[in-house]
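Working notes for the structure below.
Chain IDs A, B and C follow the sequence of writing; residue 1 opens each chain.
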Amino acid sequence: MKKWIILGIILSVGIFLDLYFFHSFAFGEELPKEIFWEVRIPRVIVSALVGASLSLAGILIQGLTRNPLSSPSVLGINSFAAFFVCMAIGFGSTFSGLGLLVPGFLGTILGAVSLYFLAKILQGDIYPERLILAGICQGFLMASLTNLVVILDDSNTQGLLFWLLGGVDGKSWIDVKILFVTFFPCLILSFLKMKNFDVLILGDDMAKNLGLKPSSLRLFGFFICSVLVAGAVVTCGPLSFIGLIVPHLAKKIAGDSLKRAMLFSVFLGATLLVYADLISRVIQFPYETPVGIISGVAGALYFLMLSARRRVYA
Amino acid sequence: MKAIVFFLFIPALFAAKISHKMGTLELINPAKKVVALEFSFVDALASLGVTPVAIADDGDKGRILPDLKIGAYTSVGARKAPSLEIITKLKPDLILADSKRHSQAYIQLNEIAPTMVLDGLGQDYDSDLENLSLIAKALGKEKELKARLDLHHAFLNKEKKRFEKIKDKKILFMVSWEEGVHIHTQAAFVPSLFKKIGLNYVSTGFSNASEKINLEQLIKLNPDILIIARRPNKIMIDEWIKSPLWKILKSYKSGEIFFVDQTLWTRMRGITSAEAILRDMEKLKI
Amino acid sequence: MLKKTLILLTLCLIISVMSLKAGVLKFSLFNMSPDDYLVFYTIRLPRTILCWLLGPLLALSGAILQSITKNPLSSPDILGINAASSLAGLMTLVYFPGLPYSYLPLFTFAGGMIAFGLIFLLGRRMSPVSLALTGVAIHILFSSITSMVVSINSLQMQAALSWLTGSLWGKSWDHVTLAFIPTLIILGMVLLFARNLNLHQFSDDTMKNLGSRPNFSRLFFFIISVFCGSLAVGLMGPVGFVSLLSPQAARYLVGNDLKKVIPIASLIAVFWLLFADFLGRVILQPIEVPVGIITSIIGVPCFFFILSRFKRGIAQ
């Protein structure tokens, strides 16, 4: 119980700081109220929901692949979505809003499908890490193809490069609406199917014995992840590591029960991204550092620490 | 004997030694066939009345400002990787390369023809003038340069007088792309040009020539006059205009927001385009 | 083996000739006017020869890493070494713009060694699995830092992008002379020690029983691999997939003996680079598509093909 209260406090403080500090209008300065409602509040909500989406997707993927090192970015799903979005922009779509939702979703679905087949091929392998490496190769592939699109579409190159760095800058209520539509239904669905997922994690055979169909359950799980990641990537660009670190931390703090870990992940993810957004404005004030860079550097360092202590092979 | 020695010295009278970003350019004769690998060099050449034999125009002749009035040229392709073969075939006397894009290929460019590497991209007005004088030196056109600069300064002085009535107003210049809006700071070409003619430019607090901003930052800067360079397609600024925040801008309320052509205002960066920009402002009644 | 080598060699020679012939200017190779010869000698020949030198470097770095990590999916791009090298190269270009380009490989090697140092420090006993995983995190770390450097000055983005996508544009004889001796020496050295490298397919204990020192040997070869990879990055910019897939393809053709794999992988890599260079200069004339992009495009279907036969090769 105590942990939840502490997290709640940290989250609220984070939201408060993110709303009021390190913006162009300093704290205490007279601020046109439109800015507050049209710029700052959407930004904070988007940060929180994107963090929550990616964390939820992360913990689901880790369970579904039975691999503690999986996450949407590591497994290349992020990169698939990014590629399709870049293609869409190359074909004339604008940079924001609903137009990107379809290609983004298509990307995540294909990424998940590709991963599903990779997982199938490698199932029962003595080296579970091979799945990770396969996912990484998949990510590399997509990154190369994305690079190609970026270079060939001369007029949009700079814009695409900025977008690929991932950021919560310039988010509006449209992005909030997108995330509402992607995140909350998935959250509810995950909770409804929670017991089934729990069983699936224990093993396919166990699941079959209890009358469940593991492959369709897994498909369903991947589908939920796709929607979550699509919402996040379409609004903020590809952000790495959040889906990896947050579930780890959540399990460490809140215990292994899937239900508690999932709920804790969601809130922890929201908190982390809100703080990341704050940091993105602080590091090079008055410049904004794209949030993707922060999650990339922080995430990579944490991951390195994990692999150094070899906790990951548990 | 003395006559022969005397004639041997005449070609050496030109012998230019110009130091540039990657070394020193040594020319025995003034350059006649020039290849320009960045747009600001094209403006410099045009201002001296020279048509370059080739330009890296990204494969799009529309990117060269018609105001420059240059004649026919050969395209060598993209600015970031111009076709070295076409350049070699043309046998130029001088290659003008951009330090940010082409430093890596300096050795090879120098093997093709004497090459001068200058800061072409993202420079301010003074830096462009410097490049202009270096280019004029390489072409042996210092007299033409002086004459042209006299005309230019006269024009600037005329414009200065015309803009006196708005010299207390803060101006901001920005460029909108699809993915965002970038303001130009006083380290960039247009703002430094504005300063030359006595206009007051917003102090942005950024040191880079161009920087991406969000809508809140724009409202904080709140200029009296807002000039936005754009292309005809749908860009980020179109989204900003729809936001209720747009209406609290000072420049919106006073009706002093102007849209201008991106090619003219941001691509060319030289004295001829500077004059064209100022004439454009006159047309828009800024 | 000999037959396969000869076939590959012939293919490489054919594509070299095609590449030399390809370009914006059309002329016959046998009847060159002095002007055409200038283009041929200053522009096309150095690039082509550079491919012949860079191919072995890329193949070597991939083959070595795959052996010592006992993992067919290792390569300098995946293990973050390329990312660190390219960051080092990028920072050199941005912060020391006047530096002669022959110094660049020094910096990329330093960058690669930093990545290696991190892997070594964090990999503890350097078991194969921890090597691979640590490498992945390092890749993401360095590419994020690269993004940060690039985002600081948006104007530099254009210049940065051309560096970050391996390209043979503007490469001259200087680059060739820089690559020539190191490549030959390393190639010779690795072939000499190939037997030792072959032993890495066994476990550490088996290796000790066979008289080799596993940790020292791993360290030694890792450094060589970093050297090859970062030299290639310093000369051409980071190019993906070639180091990963050419050793794989070679193993598919001639089995696991590194004395055979290395020459075949080198030839495959050479062919790949030459072909990518040829295509890049031909498909969108006069615009040149960078080599790195084309190698990636070719890499995509090849990767899926490899992965499909991965099912059979899982025991590897």
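Here is the rule we go by: contacts are C-beta pairs under 8 Å (C-beta built on N, C-alpha and C of every residue); 3 or more make two chains touch, one makes a residue touch a chain.
Predicted model, so just to flag it, every value in this text is computed and none were measured.
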Interface ranked first by C-beta contact pairs: A-C
Centroid-based (C-alpha) most distant chain relative to subunit C: B
Inter-centroid spacing, subunit C versus subunit A (mean Cα positions, whole Å): 32
Chain centre separation (subunit B, subunit C; CA means) in Å: 39
Whole-Å gap between the CA centroids of subunit A and subunit B: 42
Multi-partner residues of subunit A (each touching 2 or more other chains): 158, 162, 287
Multi-chain contact sites of subunit B, meaning residues that touch two or more partners: 78, 211-212
Multi-chain contact residues (two or more partners), subunit C: 154, 158, 161, 290
Subunit A partner contacts - residues on subunit C that touch it in the complex: 71, 73, 77-78, 118, 121-124, 129-130, 132-134, 136-138, 140-141, 143-145, 147-148, 150-152, 154, 157-158, 161, 165, 240-241, 244, 289-290, 292-293, 296-297, 299-300, 303, 307, 310-311, 314
In the complex with subunit B, residue positions of subunit C that touch it: 23-25, 35, 38-39, 42-44, 46, 93, 97-98, 101, 153-156, 158-159, 161-163, 167, 169-172, 174, 286-288, 290
Subunit C-facing residues of subunit B, complex: 21-22, 59, 75-78, 80-81, 83-86, 88-89, 91, 99-109, 111-112, 121-122, 182, 208-212
Touching residues on subunit A, where the partner in the complex is subunit B: 23-25, 32, 34-35, 38-40, 89, 94-96, 154, 156, 158-160, 162-163, 169-170, 172, 286-288
Residues of subunit B defined as touching subunit A within the complex: 58, 78, 177-180, 205-206, 211-212, 214-217, 219-221, 234, 236, 239, 243-245, 248
